[in-house]
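Chain IDs A, B, C, D, E and F follow the sequence of writing; residue 1 opens each chain.
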Amino acid sequence: MKLIMAIIKPFKLDEVREALTPLGVQGLTVSEVKGFGRQKGQTEIYRGAEYVVNFLPKVKIEVAVNDDIADRVIEAIQGAARTGKIGDGKIFVLDLAQAVRIRTGEANAEAL
Amino acid sequence: MKLIMAIIKPFKLDEVREALTPLGVQGLTVSEVKGFGRQKGQTEIYRGAEYVVNFLPKVKIEVAVNDDIADRVIEAIQGAARTGKIGDGKIFVLDLAQAVRIRTGEANAEAL
Amino acid sequence: MKLIMAIIKPFKLDEVREALTPLGVQGLTVSEVKGFGRQKGQTEIYRGAEYVVNFLPKVKIEVAVNDDIADRVIEAIQGAARTGKIGDGKIFVLDLAQAVRIRTGEANAEAL
Amino acid sequence: MSTRFKKILFGVGPTLGLTLLASAGMAQEATEAAAEAAPTLDAGNTAWMLVSTALVLMMTIPGLALFYGGMVRKKNVLGTMMQSFAIAALVSVLWMVVGYSLAFAEGNAYVGGLGKALLTGIGVDSLSGTIPETVFVVFQMTFAIITPALITGAFADRMKFSSMLVFMAAWVLVVYAPVCHWVWGGGFLMGDGVLDYAGGTVVHINAGVAGLVAAIVLGPRKGFGTDNMAPHNLTLSLIGASLLWVGWFGFNAGSAVAADGRAGMAMLVTQIAAAAATLAWMMVEWILRKKPSALGAVSGAVAGLVAITPASGFVGPSGALVIGLVAGVVCYWGATGLKHALKYDDSLDAFGVHGIGGIVGAILTGVFAMESIGGTAGLLEGNAGQVITQVYGIVATVVWCAVATFVILKIIDVVMGLRVSAEEEREGLDISLHGETVH
Amino acid sequence: MSTRFKKILFGVGPTLGLTLLASAGMAQEATEAAAEAAPTLDAGNTAWMLVSTALVLMMTIPGLALFYGGMVRKKNVLGTMMQSFAIAALVSVLWMVVGYSLAFAEGNAYVGGLGKALLTGIGVDSLSGTIPETVFVVFQMTFAIITPALITGAFADRMKFSSMLVFMAAWVLVVYAPVCHWVWGGGFLMGDGVLDYAGGTVVHINAGVAGLVAAIVLGPRKGFGTDNMAPHNLTLSLIGASLLWVGWFGFNAGSAVAADGRAGMAMLVTQIAAAAATLAWMMVEWILRKKPSALGAVSGAVAGLVAITPASGFVGPSGALVIGLVAGVVCYWGATGLKHALKYDDSLDAFGVHGIGGIVGAILTGVFAMESIGGTAGLLEGNAGQVITQVYGIVATVVWCAVATFVILKIIDVVMGLRVSAEEEREGLDISLHGETVH
Amino acid sequence: MSTRFKKILFGVGPTLGLTLLASAGMAQEATEAAAEAAPTLDAGNTAWMLVSTALVLMMTIPGLALFYGGMVRKKNVLGTMMQSFAIAALVSVLWMVVGYSLAFAEGNAYVGGLGKALLTGIGVDSLSGTIPETVFVVFQMTFAIITPALITGAFADRMKFSSMLVFMAAWVLVVYAPVCHWVWGGGFLMGDGVLDYAGGTVVHINAGVAGLVAAIVLGPRKGFGTDNMAPHNLTLSLIGASLLWVGWFGFNAGSAVAADGRAGMAMLVTQIAAAAATLAWMMVEWILRKKPSALGAVSGAVAGLVAITPASGFVGPSGALVIGLVAGVVCYWGATGLKHALKYDDSLDAFGVHGIGGIVGAILTGVFAMESIGGTAGLLEGNAGQVITQVYGIVATVVWCAVATFVILKIIDVVMGLRVSAEEEREGLDISLHGETVH
């Protein structure tokens, strides 16, 4: 199994989720993160004090999938999250040693 | 070593933490996440506009442990986080290549 | 490639970021987390009801890097995040199977 | 009555134009009648009017700013509150320069003259009835402030700040001041016996209709109907609605321009109508949606306050109770069924609550008016004609407001554009227009 | 005095029942005495009472709503604020329908009649002393609103919204209106010389005791004593407490029903007591807990305001200073030591602050009352009996309130249940009862 | 004039010392003149002053507490709001004990006596002009509260709570009370004809200068200039500024101590100046920074309100318009250019807005004063000398305030230290000083 971690632009979240459903992905976990990278943020000014926001709001999606669909999931995410503008984000793939569904104790494939 | 990542129902956090202490787990890291899955959220209605909340509040626990106690940790988490109702969450296990305690520079086992 | 996950004290974030730039790290992802460990939190008191805060605010940095600079990145983080006081945090290193830049589709090394 | 409307349409425009060009005539006591009736200053009345002025200003800042600010998404809260705040500043200056004069100086049936432009001739001793005219000027100013501020709810999250300021400046002079003159400044609606004690027509119908037109001209928010646009923090809206309620005492009871029995009755009926409408909206929601919401309760309160506004000096407690109950139910429909049926994006229901509520109130004023309270009988006391008169007042206002608002918006659209870019709208008004964010 | 109490217990109930059935008698001037004394309307006094009414309404919405809303967990903030808002609406209508009459219409020693049900006979010219009776009606209405709203702090986070509304409706008619009649409406406590200028007994002891009973009957919040129930946002509580403080001027100085020297003195002592209690609570906390907290400071302020309430028209600055200091210390104990010792979950200390503070104030009123201010001497001026009388008033109120509240709650519990389900309680009132959340 | 200042410096100190030791003289009517002029109580005026008092208290809590609280980082919001709240309590008690007497009791040219310590001799019937003296005492108390509270903005996020309380106590007695006496209590500035209607000098210059001194003595916040210190929640500041604006009507129009034409004119000019300054600051920012910010708008409003404060009873609408525009621009510079140039950390611009704005207002009062309004002509009416007199008043205040504030702070620094530890500063005042956090 793979744990796919994607950092995307927040407003793309729904599109990405919808792109994964057809692949049989039944669940995923999302967190609000801040991203630092090539994309530069807007400037905030308060009574003359300027703050360039280096850390931009991003959304991190973590989804555990079976190896067989991993590549399609990656493509789907990339396709849905892409705007072509700088700051679109990354997809990181980790090997998942084990997975358990807490409710049932089912393991691995059945747990997803 | 293993990095165990568990997504659980928020109100189960304390129980889980207490279940891990006896196993010698001295630390863990928690983050607020939103989970999408089989469990369906409540509906919010504002002046007739309905929003079904697909992303439910969950808590993500990340705990690095030695291989020897990994299985017991997983069981402990599953036992403590379980309500038997849909939405109890998942446990994901990743191989941890290396760990360092920042304060002392201690590595791996000593770092945990 | 490695995915380096560091849990540090919040006010050390900028220092750590600055320590990584010279190593050629061009991006990283940050999230607010709460940490449980040896460090004990302050006590909050509301009308006589005391709450010891076990979960302390920490910042989690996730940065994907090539193997060649991984060790220097770890050192840099440890050096910058260190105060010597309990609660400085941990660095966890995971093997990164794959990385993709969403905007361009570039893979692995080029994606970072 | 159609001829009448031609007269209005072809009358106000030109007259206004002419007046604006016309050289300032000599200053005239705003409310001569009153002044003659009670020529000396009364400290008690003045005290109440000073307070009422403060209360009505509080309705807009922070009241309305919070009510609206809590209903938008977090990325727009500062921009939304900023609109009310900036309008308060802009309209205050405009009102001093020429607005007050256009509304209350000696003029014709459609608009006041320029005799009081720059508040000429208003000294420390000038009286308006039993209170200093200076107080009357600021009291009326606070009405001129809240009316455009109410409109902003209709185009929340998408209008350029610059265009918004230009629009409001024009709207206050071309729509608000004249209509205010029609009803309170000695204009033709006053002459024709239309009853509007505290601004159901001048303020609420006016703002509601302008909002509806603006919502349609600007078009819906990006993602309207698909994205989650849930209010980000209703605690703010609860505070705002509460301050609106409290401030409304100054709005309605203050419209007595005295601390007397009629002011007292106005306060009593205001409280009853607001309460009844709150319960009504809550109950409808409870029945139809299974849960009574906080947003519903506060929306109901505002609906009741809007509806009792024109009636407050004319009806008694029982009339107020019915007005409140009706307003709660009808405005619920206005903010839900009606809006969803017609598919326009009146984002925070400026029309659904203020437009609809104002119309309900204006009509029911004609029904429940009691001779013993305001000197005019309504339908229930056998004066059916009053209802017609009320409808006539509504139509006159709706027509002029809709036409003028539409024209102003179209002109601005051509000249400088009305909407922020899609990018700015997605980023949110706070950061893209004001360079700030709530952290 | 035991016979006396039997009379109360066995007197009020039946009488109330009868009265409620009784056909409406003819309207009577509410405060005849006053009316005779000063038969003409005074604009100054009316202005002040119009404002006081607005101030006291502001105490509940948004004041109390915020004070309580900030102290609960985030998942319950809307539900908590909603309780105050809905109560404001519900009680306003009840007060108009029958509450005002039960409290102030001609009746017997225990409860007023139905002569003023639906505000019969109250016209635009009816006076209550030197102000319009309409103003007196709304002013008293705002007191009838805040009292039940105060109770909600005791059962925060766990009561069904529907049951809460039913309970409050019954409580206002069965407990508040009669006790209000006893003390201010010509009832037996008034006759017996109990001093309660602005509601220490009628409002605060009454609400505090009802809260205590409710907290015990409903039982503690799930996780009480184990889970972290820290206030989620004390900035809200700070705003709320500040608005309570400001509004309290209308509450106490407004109880003079005139803008005169006694109102001025009431305002002065209110300010001093609130300030003294704030410092006292802060200092106790500083000494015992090492840190003076913001919640402690605002709690102290409220404690002082509660304690000075019955005394405000009777004591001078020095008396107020002592009352404030004592209230700050004793209420700190009430909200901490006492509560933890007895283990009930008076979640936001409705009893700890309002009940205890009200009792402290009622007794000290008997100690510090000055003939030169309110016409009645207290212990310090040699009239020891006044303290007894005060205690008697307290006991009468506590007994009736406790018994009646208990009975009402038990009935509701049987009929429809009082608490939300464990599941709903965990999810939070906002989403489970109102379908909303603060994002 | 230098001799004059020696006299001040070497005069006030000792006199104050002596006075404080001196045995209490016999009570004297505070404002004799007024008292003679109008010896009977006027209910209308009293009503207005009761309200003004409530409005000015509302300016500090919750107004200023929110204005400042929104501008700090989240970890300091409770600590910041707590400062205003605790000061309100502390100063109230101090004012009753001795402050009022030092300011308004019969004394010498530099400070009042102890004749009214503990409010001796002030009964329920004592009058101050046409209102109860009790009301005058609380009204002035609210001014004595907001002035030190304004100072806290200068040393936000870093002062020990204990030291802050000690400092404020000393400052109110050694700086505020005397200066208040100079200008309003019959002191030498009053005698010399300095015009300060509502406190431009006494309140704003005084607070601004004290803030500047404090900011310099305490030194900048850790990380000043490097860390991100963006305001954490400007919605709070928007609410705060709005309540300040509304409350300012009580501040300025209340300074008429009557509900009359002058009060009305004061309210009108207050509104105009606030509005003009809001637009001015917004526009400057728009031009220089490309974006008009919400913080800028509210800062402008406060700047305008500050500047019109001394002028409010003396100038007319056009004067107010100019004063507002100038204040908006100059205070923008004061809070940006000036501060950044001199590199002190006046964190929330107590000096930049209140100090600078107060000076602008004081001088322009001398320019735009109109004989027909306040009885004194200004530069524009040919009385150039008034400007000199105003400058003289400013200098006297600045010198005494700066010297005394510096000395007080240095003494406290030696005795107990002024700043929290670096650790506590980083953790934030909320948790480290008060044991609380906003969750």
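Operating definition for what follows: contacts are C-beta pairs under 8 Å (C-beta built on N, C-alpha and C of every residue); 3 or more make two chains touch, one makes a residue touch a chain.
Bear in mind the structure is a predicted one, so any value in this text is a computation, not a measurement.
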Quiz item: So which chains count as neighbours of both subunit C and subunit F?
Solution: A, E
Exercise. State the pair with the higher C-beta contact count; candidates are A-D and C-E.
Key: C-E
Quiz prompt | Inter-chain centre distance, subunit A versus subunit C - centres from mean C-alpha coordinates, in Å | solution = 18
Quiz item: Taking each chain's centre as the mean position of its Cα atoms, how many Å separate subunit B from subunit F?
Solution: 53
Quiz prompt | Contacts with two or more other chains, residues of subunit E listed in rising order | solution = 42-45, 47-48, 51, 230-231, 239, 289, 291, 293, 295, 435-436
Exercise. Could you check subunit C for residues that touch two or more other chains and list them?
Key: 31, 44-46, 94-95
Exercise. For this assembly, give the contact graph shape among line, ring, star, complete and other.
Key: other
Self-check item: Set of all touching chain pairs, with the criterion as stated earlier
Solution: A-B, A-C, A-D, A-F, B-C, B-D, B-E, C-E, C-F, D-E, D-F, E-F
Self-check item: Contacting residues of subunit F [partner subunit E, same complex]
Solution: 41-48, 50-51, 53-54, 57-58, 61-62, 65-66, 69, 77-79, 81-82, 85-86, 88-90, 92-93, 96, 118-119, 122-126, 131-135, 137-138, 141, 161, 236, 239, 433-436, 438-439
Quiz item: Where on subunit A is subunit F touching in the complex?
Solution: 44-49, 51
Self-check item: List of subunit E residues in touch with subunit B within their complex
Solution: 227, 426-427, 431-432, 435-437
Exercise. Enumerate the contact residues on subunit F facing subunit D in the complex.
Key: 42-45, 47-48, 51, 55, 74, 230-235, 238-239, 241-243, 245-246, 249-250, 253, 258-265, 267-268, 271-272, 274-276, 278-279, 282, 289-295, 297-298, 300-301, 317-318, 321, 372-373
Quiz item: In their shared complex, at which residues does subunit D touch subunit B?
Solution: 71, 228-231, 289, 291, 293, 295-296, 299, 335-337, 339-340, 349, 352
